Amino acid sequence: MAGNSFGTLFRYTSWGESHGPAIGVVVDGVPSRIALVEADIQQWLDKRRPGQSRYTTQRQEPDQVKILSGTFEGVTTGTPIQLMIDNVDQRSRDYRNIADRFRPGHADYTYWKKYGVRDYRGGGRASARETASRVAAGAVARKILGPGIVIRGALVQIGPHTIERAAWDWDAIEDNPFWCPDRAMASRWAEYLDGVRKAGSSAGAVIELVAEGVPAGLGEPVYDKLDGDLARAMMTINAVKGVEIGAGFGAVVLGGEENGDEMRMQGGKVEFLSNNAGGILGGISTGQDIVVRFAVKPTSSILKPMRTVDSEGNEVEIETHGRHDPCVGIRAVPVGEAMMASVLADHLLRYRAIGGAV
Amino acid sequence: MAGNSFGTLFRYTSWGESHGPAIGVVVDGVPSRIALVEADIQQWLDKRRPGQSRYTTQRQEPDQVKILSGTFEGVTTGTPIQLMIDNVDQRSRDYRNIADRFRPGHADYTYWKKYGVRDYRGGGRASARETASRVAAGAVARKILGPGIVIRGALVQIGPHTIERAAWDWDAIEDNPFWCPDRAMASRWAEYLDGVRKAGSSAGAVIELVAEGVPAGLGEPVYDKLDGDLARAMMTINAVKGVEIGAGFGAVVLGGEENGDEMRMQGGKVEFLSNNAGGILGGISTGQDIVVRFAVKPTSSILKPMRTVDSEGNEVEIETHGRHDPCVGIRAVPVGEAMMASVLADHLLRYRAIGGAV
Amino acid sequence: MAGNSFGTLFRYTSWGESHGPAIGVVVDGVPSRIALVEADIQQWLDKRRPGQSRYTTQRQEPDQVKILSGTFEGVTTGTPIQLMIDNVDQRSRDYRNIADRFRPGHADYTYWKKYGVRDYRGGGRASARETASRVAAGAVARKILGPGIVIRGALVQIGPHTIERAAWDWDAIEDNPFWCPDRAMASRWAEYLDGVRKAGSSAGAVIELVAEGVPAGLGEPVYDKLDGDLARAMMTINAVKGVEIGAGFGAVVLGGEENGDEMRMQGGKVEFLSNNAGGILGGISTGQDIVVRFAVKPTSSILKPMRTVDSEGNEVEIETHGRHDPCVGIRAVPVGEAMMASVLADHLLRYRAIGGAV
Amino acid sequence: MAGNSFGTLFRYTSWGESHGPAIGVVVDGVPSRIALVEADIQQWLDKRRPGQSRYTTQRQEPDQVKILSGTFEGVTTGTPIQLMIDNVDQRSRDYRNIADRFRPGHADYTYWKKYGVRDYRGGGRASARETASRVAAGAVARKILGPGIVIRGALVQIGPHTIERAAWDWDAIEDNPFWCPDRAMASRWAEYLDGVRKAGSSAGAVIELVAEGVPAGLGEPVYDKLDGDLARAMMTINAVKGVEIGAGFGAVVLGGEENGDEMRMQGGKVEFLSNNAGGILGGISTGQDIVVRFAVKPTSSILKPMRTVDSEGNEVEIETHGRHDPCVGIRAVPVGEAMMASVLADHLLRYRAIGGAV
């Protein structure tokens, strides 16, 4: 099956290259009679939009979304929703000098090996520009989930600098350009990234996503587990190299008695005394917060020369000029949130289909 | 879509509970005229079989596989291959005393919330027993991949003890009960796990998988990326809480110039000077070794009492008696290999479909 | 995607050859807590079972179904249901003399061209034996649909002899070996088929299926229309060459004013004054009876010599000996019913997923 | 799974309503390096375009297609191809007076029952306008199939008037407004349809499609049979009520010895002496011409009053004014061809995936 579709019941197909006239996504499987206007989507695209601080790419894209189908008089009709975003700042001339060279860390080489053709104007489908489609589709997913399910993300690490858990403040994330929940760390990151940027280098990041209000029972064992689908969703975001749920890799050093989340009753409801599981057991949501973290590698395009080869087999050097994005991980926050929303919306519909027990 | 199927073109559906008469898997999409007899599958099941050392569960299962369909005179016919394994050592009486209590860290609670019915005889579909089906299907996947693609796994960490990379010796992994490639560490793990076992506790583990010989070009951008599918495949294995590709979470602390794998020509072929990418760029294989790691949490069933609730809402304690498996991660090695083989076989067929460029 | 699975949310995968040890089907996506025991399935297999009259094949198969997974204490658990039927009367020796010859009208030639391997013992997967799996899965589908939806089939034509619509009596179909709703025609068919049988020839048939009690709203436009899925379901049954819905091909000779089903109110509900649509408009059920007809070609294996070639490219003759089935269409009734039930159960779950309007 | 996608490996998703700003289709799974420009698609849209004779709807749509993604310098890149067609002649005012009435024979009632919302401006997704997306996608499918596979369609019946098989002349179909291969019958149809049109009535039609040059081996038994997929493809076209393959319903009156297509050798190749199978046996192509016929009901919108109800439950009458299309079947020819091409392209890719035997 071709790879540009995501989800089963809530399902979207994205299209468009970084240097074509437009990109977009057609979202299918949306129940009817859900209020949906362009502003519902635009707010999340604005969050992802490049060029909002000196720590992200300076490509200028207004990213204005248009709804071309699937709604009537402000509500969904149950038919496919086409969301289109015109490409404005294409600047293909920037890339012409690297047309036949494979940028290390990028998909240039693998696309060329797979498809035998190279769109030398930029990253094409492999460009982070594609993530705007994910954010647009994720906005629709949030409407399906409704206001009771809240999905938020934050950066918890840039380069070697990790936040203090005790300092976590959700209100802080809008106050700094990093979606950092630890105000003190935000300042430190600013300083650190200024150094990285001036050195023409780049830094990686870890993003943490939390979904609150997810009911118990979502996820289909055994191969369509909720955590499996979340892991895949995050790993398909550009530059992501690792995903973990709950305690994640940290669970390895715990003993079974520390790791297992004990249960008590609280006001007639089951309450877990910890959340090492990250809200998922056996691939099914427990009703606790769902917690996912993912690692984003440092930006591959840097202002330093690197050794590579070209499509003719010559050994050459390559160096990025112009727009430079010292930490692509920053803009991954709204993308990760959108993917989480998409997975949850899909599983919510699947849960309804079999008439969940609760 | 119901969740018991894996893959798109190479696609299998597993079935059976830990305490039913049998478990099995029907494998569809296998090309015809591939030599396949039961021994081809049995060898991998033997590797996964429980009760082979004091560090894994003492459940005794011969795990003899039968091919019920899909082959004729020792070769595949292109029709679905049903592989069945009888359950022998069911011992449902062991579990009767915990019939209505939710074991912390297990899927008891979530299955009950999702399905409203409880098979109190054991883990049912959530049992690690299901992984025998994965190993059987993975054996078929290896036959599709052929001898040129070699998939191997090893434990690289148990609890806090991590192997020395420099000491890696693939020949060592068959010489100790841990699939440990570092002989010195194997002894240390034995000592450590004996302590864990005697304390009635358990330990987590990290498994590393390497696939050699994978051609460049496998993987379907943008949502069916090879790394996305591998991440999902691993995360659906019981007790897995984290997955990473190549440098993984470690990439976060690298600068872009360290992380990007530079390229040179070697004997007329492209050669990468490092493999932080883990053999995948833009979701497509590069031709390098594909490297995946995943984290397995400590066994949830331990010989210590833990607080929980029962299906009536009473606060109770629960304690496992009898068979005890101090580190479930050990037996995850052949399971991880099987899932990797399955993902690669599926993408190999998909690659053939579009007539890859190379 | 491999072709042995049917459905999306209610989804089954069948396996097994006519001359292997067993055939079966694994049914996934079944909601939990539905009462299901083997007798629920056996009743429909008994209806399909061969050898019940001189007008169908004399192969003797008890077709005893076993539930190997997915139920506990008589109810479904939400996990995959493996249904297995042992092959008893395999008689592969009957077929040995035709091992390398392609039987006209059969799939021998095309399987050989596609797969390059020939299971010379019989029809393999192309055998009508596979339809037992469909009937078993269809029995599960009926349980999902519940008693309010009634699916029945009848033969309406054998060879040139078509029933009288005015004589339709559902009670008659159990009283003759043809599922014929017109008692007078049943006698005529008996006489006609005796002649066909004695001549060593065969006859085709048309089956009509009616589903009562289907709510309005099932079916997913535009490519997963209910009628599209029904047409495909029927066309995949062995020997079927045509499918029609409602007035079908007969609609071509009607004027628009005759064909369009007018609507009135009756007791506060919408009532259609005719049913040329066969209960489906725009791919969505109307709430009327759903009416499907399909044409089954005459049995290809006859007691007369026919010209063909063998796998070496020799021109030869071929003639079936022994078991002869003068009208395969007869046994297609329970198979058609099962496929209709399967399509409806799948669409019922899909309908629930999006929370249908009514 | 939402219903607006078609195919598995060659897979497209259509979107857009009859009265929205545009319609379109995103085509995924297309191999790279296939020459494709807008003119390749436009030629088939021009064939389908309305308003080309007095026998079809007078809606005026230029149907200019734009390729928004997936090609670079005139060849496909392997990424999704977005094809967009602006809606020009929307005339929503024509429909305002029937906003709350359910047109008999249309999907108004069922969409309202399913989705609970009504786009009163026209047929929305249920409009025949959606078939332009099919034709556009089918044009891409033809490019995958290459020049060796030729797909053509013709009308063989309008109302009660059926062509003479002996008079079939493919060259004739471009010479009359009916795609009629029998020149004499074309004149008779013109006369007949003029009468139908003047009476404000409508007529049904039967279309026959022939695919030449299809290799043996396409089709996946047992549920993804080539004939099953073709049947579904045709049945999802607006107003189609019946589908048949080869001899179709006519096979019912044949004896087995007449129906089975005998085989001889001709120049070292297998040759069939007849084609009652319509080029498909056991769901797999034989290498003969593939022959499909489908029945289109008479246009439901006629210039005569019909009884219906409205969304408030009132009994009312309804009558179409303005644009009138006496035989929708005529424009179904290019649509049927496109669907046939789509099914064949999908199966060709699937065939390549498993490395077909031949």
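Lettered A, B, C and D in written order, each chain numbered from 1.
By our rule, contacts are C-beta pairs under 8 Å (C-beta built on N, C-alpha and C of every residue); 3 or more make two chains touch, one makes a residue touch a chain.
Fair warning: this is a prediction, and the values are worked out from it, not measured in the lab.
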From chain B, the most remote chain by mean C-alpha position: D
Contact-richer chain pair [B-C vs A-B]: A-B
Distance between the centres, which are taken as Cα means, of chain B and chain A, whole angstrom: 26
Between chain C and chain A, distance of the C-alpha-averaged centres to the nearest whole Å: 46
Chain centre separation (chain B, chain C; CA means) in Å: 39
Residues within chain C bordering two or more other chains: 1-5, 8-9, 14, 29, 32-33, 78-79, 111, 114-117, 125, 221, 350, 357
Chain B to chain C touching residues, read off their complex: 1-5, 8-11, 13-17, 20-24, 26, 28-30, 32-33, 68-70, 72, 75-82, 111, 114-117, 119, 124-125
Touch list for chain A against partner chain C, complex: 1, 8-9, 29, 31-33, 78-79, 221, 349-350, 352-355, 357
Partner chain D, residues of chain C touching it in the complex: 1-6, 8, 14, 102-107, 109-117, 125-126, 130, 157-160, 196, 201-206, 216-217, 219-225, 227-236, 238, 241-249, 251-257, 259-265, 268, 270, 273, 276-278, 280-287, 295-302, 304, 306-309, 313-315, 329, 350-351, 356-358
